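The letters A, B, C, D, E, F, G and H name the chains in turn, as written, and every chain counts its residues from 1.
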């Protein structure tokens, strides 16, 4: 944790035996341990074997899960931040959960609102009210990612937009949402790569951590 | 007007003498005459010379103007439609005006709301109220074009989205808005090419004209 | 049905048990129920289990099927519209059928012509005659999508073009047809995303529904 | 003329004095001399100075002109071919004329039909009748280039499609037409680069020349 | 065979029973029958069942095979053409064979040279000598497709270039070769879509057929 | 300042008289006034006429300048933040200065290090030491934008990366740096659009402002 | 070995029996034999069967392996070069090993440093020290490829950069690193295609071989 | 010259007074001074004013010129290398000359062959003979860049390929040649950015310099 941020173990392409070895080694180090993009069935086996927390919870049946161990206790932080996480659609849940995984594992709190995309504008408005007291807002959306523009125009907090690969027709695996979020007419929105919930979580922790240092 | 839609004279790349000749010939034919993308100073000369109506009005100082002659009298139509035109920013005015030019020249009515982009969501909501009784809605927006998603999720009318080349940073000359509008999470939004106010106007006339035929 | 359009259940990536639960819940709500992009064998099981109508009919052996339940009775509408659907090739059938599914489930009528692409121009001409009395025309085509240009130049109705991912060599999964349809030299053609039969159906319903409201 | 095809002098980016020197040298060699993409005013000066033939003729006011000297006399050929050239719109004339320039300068004949794009299908059909006896057909079109598909599906001759940079909205400087022509559903259409009338002319000469060799 | 060219049955995505039915129907019609992109094992079964000729021959072990039935007898043609087919690498064989399949099935002759890419320039030169008497040359190449430039600069015949999806690193599934062939510095090369051996074969037949008509 | 962030007046494409009117109106409102991307000579005239501060200072001879009026006094803020701004090359100065303009005009402090790109790694390291106490770091870089990766791996603060259009050969107007910054192997870096110094400044203010609110 | 470089056998898409035959034939020729991109399990079988050396060693569990036989003895060279190979992350090992395979098989030496990406700058610096005496440096990196810039700015040797397909979010299968390396602000870095360890190895051998020739 | 390579002064976008100041300062430092991409008329003025050597020589009338001062005397080097520079067409001269400028200014020799593109293969072959004794070969080519493949397959030296923005139709400002060179079927070719003669020159110097160090 050179700069206070964990290195995650990226599961895709790794054999199960290799993953198990890496997780054992990381848990043994005592450092926060994060494993990302674990397929559900493998996640179930790893949760059974180790003392890891799944994001989202396994009963959500997400196809991809992030796992965390050795969480930083909130009590060890100077200041515990609150990060609001808004996910436009239910398919965006795994990416949003990956961000939550990082933030909570590093000792901060999250508040999560699902299915608040702008196609049902009233739900978007309600979601913004629910996270009105957050220190940072993370917006997770696929298709054209318009939720980032609406939130960015309405809330004053630091806002991190995460484009997802959700969508079809012209969503191009998240590239459409990525460009839309970068080009948003709302001021001061910043963006991470497609499906990069891990990066968004780290960016949020940089911000709430900075606030802690300056408190 | 093979299928009831005018051929427009596209001004860019044509010499002034050629344009003048084409306009004279078109006006003489008695058919609706539309000239698109005329630079402001040239537009002023052409308006002085011919009985043409500028869109937007010349005092708006738009850099590009559409010009119309030989309008179809509304009284000749079975049914006069109303088209709501929403432009996200003031820079989108020339494209929005080009759509209005086609629609009004073919005898229908337009109602125009400017500067109602989602970065100021309350203005977007007010704009939708102003065009609540329209038969068709045309949304004109650059940057990430999020206004189309918000209107598409809130209004039941036929909705034609026009991406514009307005924007910078990641707007890529309108391509970002184009993809975003095609990928919108709102249902049944359809899209024309970048800055193609002429095409949007023709599509709107196809719709209100069809309503007329079926009345 | 906030704005009178159904939310569809998008099948890809959903487990069968999840799909079954979502369909049960939707049918129970009494609202029109639409499931899109269901693989044929799964579609057969779902049709066996629920009272759903497959598009295209199962004997067509399409690899992907849309399913509908709780259709809106035509008798409940002020005016029942007719939508002509032209599919350039037989491989475009599933996308065309998805559009038909939405339109019929919301109580309107469709007339379908298959295999009328411009490589056999006489068939294209005959197809246009067959849908001459439609309120709206939906053109579904892959490869270079030229059928949209030919129909757009010859028919005055509202025209919605749907590019499909059909084709090879330079079809780029539908992107070639998408750009070609957006750039068509025919006037007032509007476009939805690749393979987005659902969006085209919704756009058609917006139009025929509007005609109904104004009748 | 290593392989019987001329090297052309490409005018853009060359100073007038350099061009004059290159033309003098080429004319002196006795070989067919072709200069491409000459701006109109420069073309007028060069035609005044040298015995060159402009394509299109200068009274056509094309912004770009091709110039030819030292034509191969038709009488020197074993067989004089006829190439039909169809240009979708008037803006495509300079590219079509560049093809004609090469073909005629090498001793073959051309027959030219302008403004026969598919937005007015009857004109496309008439144009095909006019070139029914050609040995080769060259189709020149911008926007979505649909004319190539219609001709390719209806005529049995060798067909060379030339995408042009004509168009706006989604024409992307000719790239849309290029991809559409490559993806055409018509069989055996082949394609050259954007605005590459010179290449199309050379390809046509390869074909009619081959016919000559085999006669 | 509206214009003398066959419609091919494109195998990918079609169930074996559907393919069998389509082939039976086509063979019964007496028209030339061509099936493209058949996986090797399926091809073996179809060859066992029907009187079809595989391209390439099955002992070549190509992963994809084209199949032909009801060939046009050469004796029925006014003039039998010869098409030289040069394939840069052994991986390009299936695409080259697809072109040969069309040409031979329509009664013309082919001469085939494999593995003559420019990385071994002497082989390229020898290959050109082997097809020096061909009426048309088809060049099939992946990677950067440089063979088309070398042949185009050295041979005077009509030349059809077919980019293939062979290659890695920067070959981008054939797009690199496609653009390179379109931009070739050799004069009058024309191009079909990626892996489109069928299209190249049809284009070659248009040319040799035209020569026949004019003989 | 709906959400505490100014709307900027974007100068490109606006006539000088229009700009003057917009600036007068904005200054009269008492709100912070920011004008972006003003060409140097025009900037000099506007600075002469109004009480505006240029970024960068006019003696820097930047081709583009941002102008600010009505700054928020630091004394009015709960907490004044410090933003480190690192510019990889001297050509990146105007974009970096635009970020500084926003941040200082809203009452916060900046510390600026120029010409610290990774091609001279020792300078990059020294630059990081100079801004070690900043609350937020903004990295501005063109070419391949590698400075963002080096800073992101070495500093724990919130980090906003701004790709610039500086560079040639393969820089593609900033797109290369944009993608590189989004794909950085450093954790929790977030990104705004190309040359979007204004957006980066707003994002930095969201962060230091949030720290203020929570103090 | 026309020019002293081996032709490699590219394994993907080849049946095991075909591969075995090709390897037997190549080993029998006595020329250096290289097989690239062999899946691990197949590699194990081939190593058991033939006298081939795997890169990386099989206990590294790389998913892809290069295999070499008939190495050129170093004693046969005029001068044995040393190539430093730096791999940014552990996932880049197979590509780096492929380069090592070529270099060592042709008789030169390599020195390998793994996991020295710029996110941990101290490791990058240490890695450069470890290869300070190399004749050539090969840098292998995915994501944004920033290691090439840092090494290129700090070391004077010939530097060959290999982008890899490692990374997610915005890495686009290696295209991001490719563009970044081509646009690097460091002077005189040159680049091969994505994952093209073979090409990088050959380029390194051209350089150390040239040094040998000139010694 | 941290690593023995000069920093160049990149002229585009710099005012003449700024350039003059930068050149004076660089000449005064005694280090090799290189100014790149100077427009011809400005170059003439700077050559008049300072003791700078133009590349290409001014009588070549290149639109862009590189200028050099303070050359490293060859006598100061351990070993003077020879770099062969092959330019496919005359339009590629300025880029080739920029490479020569760097190489000669750092004390090495160049041998230059112009107009040896593969469309006239005999000239390509002759050119390779002329540089057969070079230590390094630089190939400069636009359009599809096929010269790099031919040279790469025939010569054993280190080969640096420079794509240029020369070409039209499908050359896309050099991107086509760039991809083609990266995907070349020849082994061990490496590539720099479009028109990056400076980078190619630096890469060549790294190689001949390394040979010197090892001599």
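Just so it is clear, a residue touches a chain if its C-beta (ideal position, glycine included) is under 8 Å from a C-beta of that chain, and two chains touch if they have at least 3 such contacts.
Given the structure is predicted, the values throughout are model-derived calculations rather than measurements.
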Query raised in the report: By mean C-alpha coordinates, which chain is most distant from subunit A?
Result: D
Report summary line: Matching interface for A-G, options G-H, F-H or C-D, criterion over half of contact pairs identical, gives F-H
Report summary line: Here the gap between subunit D and subunit G, centre to centre from mean Cα coordinates and rounded to Å, is 48
**Report entry** subunit D and subunit E, separation of their C-alpha mean positions in angstrom
**Finding:** 27
**Report entry** subunit E-subunit G separation of Cα centroids, rounded to whole Å
**Finding:** 36
Query raised in the report: What are the residue numbers in subunit C that touch two or more other chains?
Result: 2, 120, 153-154, 169-171, 178, 182-183, 187, 192-193, 199
**Report entry** Interchain pairs in contact, sorted by label
**Finding:** A-B, A-C, A-F, A-G, B-C, B-D, B-F, C-D, C-E, D-E, D-H, E-G, E-H, F-G, F-H, G-H
Report summary line: Note: in the complex, subunit E contacts subunit D through residues 2-5, 7, 79, 135-136, 153-160, 178, 182-183, 187-193, 198-207, 209-211, 214-215
**Report entry** Touching residues (chain side subunit G, partner subunit E) in the complex
**Finding:** 2, 10, 13, 15, 18, 178, 192-196, 199
Requested in this report: Would you tell me which residues of subunit H are touching subunit D in their complex?
Outcome: 61, 63, 91, 120, 168-171
Report summary line: Within the complex, subunit G is touched by subunit F residues 88-89, 117-121, 143-146, 149-150, 152-154, 167, 169-172, 175-177, 179-187
